[in-house]
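Please find the structures below.
After this come two complexes, each holding chain A, first together with chain B and then together with chain C.
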Partner chain A sequence: MRKLWIVLFLLAFTSLEAQDFLDKAQINGSFQVDGQFYQPDDALGITDSLIGGRKLGLNGFGNITYTLGKFSAGMRYEAFLTPLAGFDPLQEGNGFPYLWASYQTDFVGVTVGNFYEQFGNGLILRSYEEWTLGYDNSLNGMRVILRPSAGITIKGVYGTQRYFWQQYENGNRGIVRGLDAEVDLNQTIKGWESAAVRVFVGASGVSKYQKDNDPLYNLPENVGAWAGRVNLSAGKFNFATEYAYKINDPSALNNFIYHEGQAVLSSLSYSQPGLGVVLQLKRVDNFSYKSDRRVNGNAVDINFIPPINRTHSYSLAARYPYATQPNGEMGLQFQLNYKIPKGTALGGKYGTGIAVNFSQVNDIVRNPINDTTAVNTSGTLGYTSDFFKVSDSVFFRDFNIEIEKKINSKWKAVIQYMNLHYDIATIEGHAGEPAVKAHIGVLDLTHKFSSRKSLRMELQGLFTEQDEGDWAAAVLEYAIAPRWFFNVADQYNYGHPEADKKNHYYTVSMGYLKESTRVALTYGRQSEGVVCVGGVCRQVPASSGLTITVSTNF
Partner chain B sequence: MMRTSIFSLFALLLFFSLGSLAQSDIPQVTIKTLDGKPFSTSEITNDGKPVILSFWALWCKPCQKELDAFNENYADWQDETGVKIYAVSIDDSRSTARVMPMVNGKAWEFEVLLDPNSDLKRAMNVNMIPHTFLLNGEGKIVSQHTAYFEGAEFELFDKVKKIAGIE
Partner chain C sequence: MIAKSMKIKHFSLILFVLIAGIFTACDKIEPPYTTQNGGGGGEPEELVQKVLLEDYTGHKCVNCPAAAKLAGDLKEVYGNQLIIMAVHAGFFARPEGPPFDLDLRTAIGDQWDAYYNVIGNPQGLVNRKIYNGAALVPPAGWGEKVQDIITNSTPQASISLETTFNTDNRKLDVAVNSKFLRDFSEQYYLQLVLVEDSIRGAQSNNNSSVGDTPIIEDYYHRHVLRQDINGLNGEAVNGGEGIVANQVYTHTYSLTLNAAYKAQHCAVIAFLYRIADNEILQVEEKHIVE
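Entry: the complex of A and B
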């Protein structure tokens, strides 16, 4: 490892004068610390003993990148001492989980150390990091990217994945190897340069190696997966699809069945200025792919199966977020964006934006492999599944419509309605609970007092008979752009079926921003819920106290 | 031991590079255009005129409000200063397919790029979005800010005018 670093440094500096090393170099970086002081709160059931001496949670990182011409190197320090409430306890610790050096030219790119990579849509390989969730599955190894001619990219990677603070040693988890190639046919085939249809094709293969120490089963030590993708665009139309296949990969997550895995993701869109339409389809069958078959939670995923429903921004609309079911799901999504032109009756002086979105995800159909074996029995093929059959069991349905309107130079409005069906038993593991059926409404108004001073008002309602019943929420935010903001908010669970749990979750916050530095303080209560970013979710317990975030970038 | 030596090396580099901190280039990263074509960040240029580079995503409401505000003023800003706007979406594969229809649906007139695995976001050390950079005619980063509040676009445009030499 150390030798590689030295070689890369030498490579970078052989052609340079010593002075360049100092003058032409660039350093960039960023820092962030999120701190929370927790306090007991009788109404929320948070007692002193529950906090258990962990009154202060601190998550922080510092990132530094050094660049000198074609050479760059970087590192990230992280400290979770102790992690904020809701983060995995394994997160507790500190160190440098991200150290890397790379050399890039137009033809070749080499990276050693930790890196993030994605093949295609990520169906068989994606390493990424999401700070707000404490998720990081970076690969620690080597990556080579070649661009032999215009329009051709070849990538090769190998390494082990990050598992919180546990070092890789003695095969305590698997090794990942992958190869990906992408070709732009219009740039590579003679005579296609100016064709009306643009075509990209890509193919990738990944293999993981993990020793079989299982006393009971004979498990595959090398699990291979491959994927192929096509992207076609012609004028205003775009079609993209990717299919992925994985050999049998018994794991804790699929109950150690020997079923093969398949995943397919397709989209078709049409768009022109003022109008956009997209339809997406997806099918996932037994496609969890982890570099440690024993891990059940959100860690060491080699691949990424995107949930294709809309990610909502308003708090009550985002209260019941969908998470991909890697063991099997079939979904579709439709979205229409339209801008009613300026100067028409409905468009008014500034035009009106409309977005309509629908998504639904069902289970796949699983048939027993024979008359005597129950579906999903460990150590068997598990089940058979008809590729085109959709189960009646609905995991998730979301129909929403959003209208954006600038009324005049002083007022702007966003109105949203959402109709939701959420299988809380499957998605959050609340066994036996009925699916949540909810209507959600949002009104977001911005009033401008002067060119820099504005007040934003948000009113939201969530109406449901299930789970915790009805909610109402209000936000008032006064901002003096671009420096200051003050925010008061309340979420009121007035419809909770238990009288003593009709709680208010109020917060008061303020923040100061200068250039890329942001300092924010929030005091109040956080309701129990799920925070999802980019398809991965984290359960957040109810908490009460003071939160501080300081973030900067240089 | 290794970690300590790497750390000291960085500390040294940091110390010696302080002089060049204020003026950095955009890192060279290959991201994608809206129709999926590879796009090298070295192509982000504007003939010696300023460039605004803004990170956003479909799930980020303030980002879209900021870009809507840019779009409303874009024609005027271009007439006055020749500024060019690039909006980099950090949506990942869960929503990249919806970016183009949304951009067209909103009739945004500036260039939109895709950074589906946050490679450019990471290289530019962006912690949260919206995060907007202002580049001068030589492609150097002269200013940056996070978050968007109503009216912040005017302060940004004042800076654009300054570096374009128009007061």
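Entry: the complex of A and C
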């Protein structure tokens, strides 16, 4: 593939003068290094032997894109030497995992090498990269995009997915092939150009191929999935829905059952100045789709199941994030954003923002296939499931309300309350542990001393009788815009059921920003937890020491 | 506009054909979903390549009972050609309060666990062979790796194990005769360990098709690594010298069986491994009480 990339690169420039490479080209890049110095910390149970001689973890990348007219090419270098605590040990290594070249016109776009792509909502295909999770399932192959007429886009992709540093060879994982078409009906049907209702329709199909070498099961070597989607918008209303189906796909994640897969995601929204309402529904049944059926961790996912839960930013509110359950879940989310107008009794001089959010995710109902076979038995159909039945088992429930109020030209406040139900046994695999039922409160006050200087204070409380009990947190952050910030924070697990684990997790940090370069230093403790992005999560072990982040782009 | 409409129809047809093409490339499997080649094994008379499957596990690991069942299913297929050893080590094997007070960890198991950087359980090693740069194999890959070695490897060494167990004083004598079928310039080591089968204890579990969830109170831990017999790294086969074809290398060991071990459930596992990369050349198992 590297040879092909070089040949294409050279061919693209055969007609150009050498000077054009520099004069007419545009080069963009971004770099980041995250480093952690680890130290033993008896109170957290971090000993020399647990660190295992590893004093320093370093994750870094450099991304460069070269553009010249319709041609562009790029690469990303990565080095995980050694990976930060909590990242998969398979990350360890360095090299260029992402190399690509692309040619784009109004009619056609061709990419060779590595690329990211998404069909619709991603239910049957989405490749993406998320640095904070150490996740990258980029495709390495070819992509062709055709735009035969205004409003019509057809995409075709094939390739293999990235699996850490392991090269694809001898069928050591599957091959992905996919097609997608999207049509803007208002642009393609006569008389619809100025219709009040805007309609997009799309369809896609994906197939993966992986050889069957298993001595126990008759495994499908070609596993196909398809999806159809519609998006309607009329004035202030928008409705979008997508349904996806997958044939039998026994894998490590579904315990090698032969049940078909289905997923549906729908969203209805209303939006006008000062008011936004969104209702989302989702049903997922056996819809993990990986290009290597043997992998059950966060890797080589062909598809992506979007979460329909609020992503919280305050530390205690984000302590129990929901991780999508691809084996089965049914969920809904309701979100209301309303701004009480200025000049009213509640709105005051600046108006008051209110956000109300509710989401709940339950399990699906699984019925045994017969009287003698337990649900989910390997090498069987697994179960049957009624599409519309919801299990009593609640994986996650989050009701939260947030009020944002600018009090005067100096003071601004955010108040948040959250009521949480978190099935820690299912989401984090803590078998037998009761669901966490918590009340969480946040007060965020910002005082502006001048146009450049401000002080922000956070006070948070998490109250629960389960898991590690009650927490309190406080943050003080002083910012001198646009260059400096200084932050002191502490999370105190004062309600831990074991007296010797009532720990403080304090941090002192500072950051400096100049032009597009940011340097941040943090010293202190990090509590054990879970980091999730888009419903994909990784465990973060407790750590203690110094963290440094340097990032820049041009 | 007519041209535009024709163009849309044209591309719609192409798209339909392509998507239909994808779906003709689908393999819908009808029952039976499992292969029918069970009951393999028996003790083959001629020399065969045997495989050691190391199951890194722990009693607090919720996915480990399913992995142990999978190992048992593979044993049904490959019989005595497959030898299983469950290594209880790491975070999920730590003893806690009842019912998880059983400590099945061993010094040698801890050493291997650290060496292979086994972060999560279940994980496996299949003859410690390195595939695509990684020795650790998740359970879903065990079957094809075992099959690969059994199908594609020609045995290059044999191990003959003799055990004598004195029930009165619980003294166990082990004699090992190793023979290589060709010369080897690399160094090979002989490692002997003791395993005990069917140790009763609690086990976390999240798979109702395997047992009770979230805890199987009366779980029988199978093929549990109990201790090393000849040191944490074993012993050089030929004192660190190269290996000579067809020469029989004899090693003998004695130990007193721990009073807590049930002799009728115990077996000795011996394996020859290349010191350079730890890959196992041959493995043998023998129960101490027949």
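Here is the rule we use: the second predicted complex is superposed on the first by the 540 of 554 C-alpha atoms of A that agree within 3 Å, B and C clash if a C-alpha of one lies under 4 Å from a C-alpha of the other, contacts with A are read in each partner's own complex, and residues count from 1 in each chain.
Note that a contact is a pair of C-beta atoms (placed from the backbone, for glycine too) under 8 Å apart; a residue touches a chain by one contact, two chains touch by 3 or more.
Here the structure is a predicted model, which means the values were calculated and not measured.
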Original post:
Does the chain A-based superposition show chain B and chain C clashing or fitting?
Top reply: fit
Subject >> First (chain B), second (chain C), both or neither touched by A:258 >> reply: second
Original post:
Is A:374 touching the first partner chain B, the second partner chain C, both, or neither of them?
Top reply: second
Original post:
Which holds for A:63: it touches chain B only (first), chain C only (second), both, or neither?
Top reply: first
Original post:
Touch check for A:245: first (chain B), second (chain C), both, or neither?
Top reply: neither
**OP:** Could you say whether A:122 touches chain B, chain C, both of them, or neither, answering first, second, both or neither?
**Re:** first
**OP:** Give one of first, second, both or neither to describe whether A:513 is in contact with chain B, with chain C, with both, or with none.
**Re:** first
Subject >> chain A residues touched - chain C or chain B, whichever exceeds >> reply: B
Subject >> Gap in Å between nearest CA atoms once chain C and chain B share a frame through chain A >> reply: 18
**OP:** In the complex, go through chain A and note every residue touching chain C.
**Re:** 52, 88-90, 146, 148-149, 152, 154, 156, 165-167, 169, 172, 177-179, 181, 183, 188, 190, 203-207, 209, 213-224, 226, 247-248, 250-252, 255-256, 258, 293-297, 373-381, 425, 429, 431-432
Subject >> chain B-facing residues of chain A, complex >> reply: 1-2, 5, 21-30, 32, 63-67, 72, 75, 95-96, 99, 104, 116-118, 120-122, 126, 128-129, 131, 153, 184, 198, 200, 231, 233, 238, 240, 265, 267, 269-278, 280, 304, 306-308, 310-314, 335-339, 350-351, 353, 355, 404, 412, 414, 444, 446, 448, 450-454, 456, 479-482, 485, 511, 513, 515-516, 518, 534-535, 551, 553-554
**OP:** Provide the residue numbers of chain C that touch chain A in the complex, in ascending order.
**Re:** 1, 4-5, 7-8, 11, 15, 18-19, 22-23, 25-29, 31-35, 37, 60, 62-63, 66, 69-70, 73-74, 77-78, 114, 117, 119-120, 131-134, 138-141, 143-144, 146-148, 204-209, 213-215
**OP:** Note which residues of chain B are touching chain A in the complex, please.
**Re:** 2-3, 6-7, 10, 13-14, 16-21, 24-25, 27-28, 30, 35-38, 58-61, 65, 68, 72, 92-98, 100-107, 116-119, 122-128, 131, 143-147, 149-152, 154-156
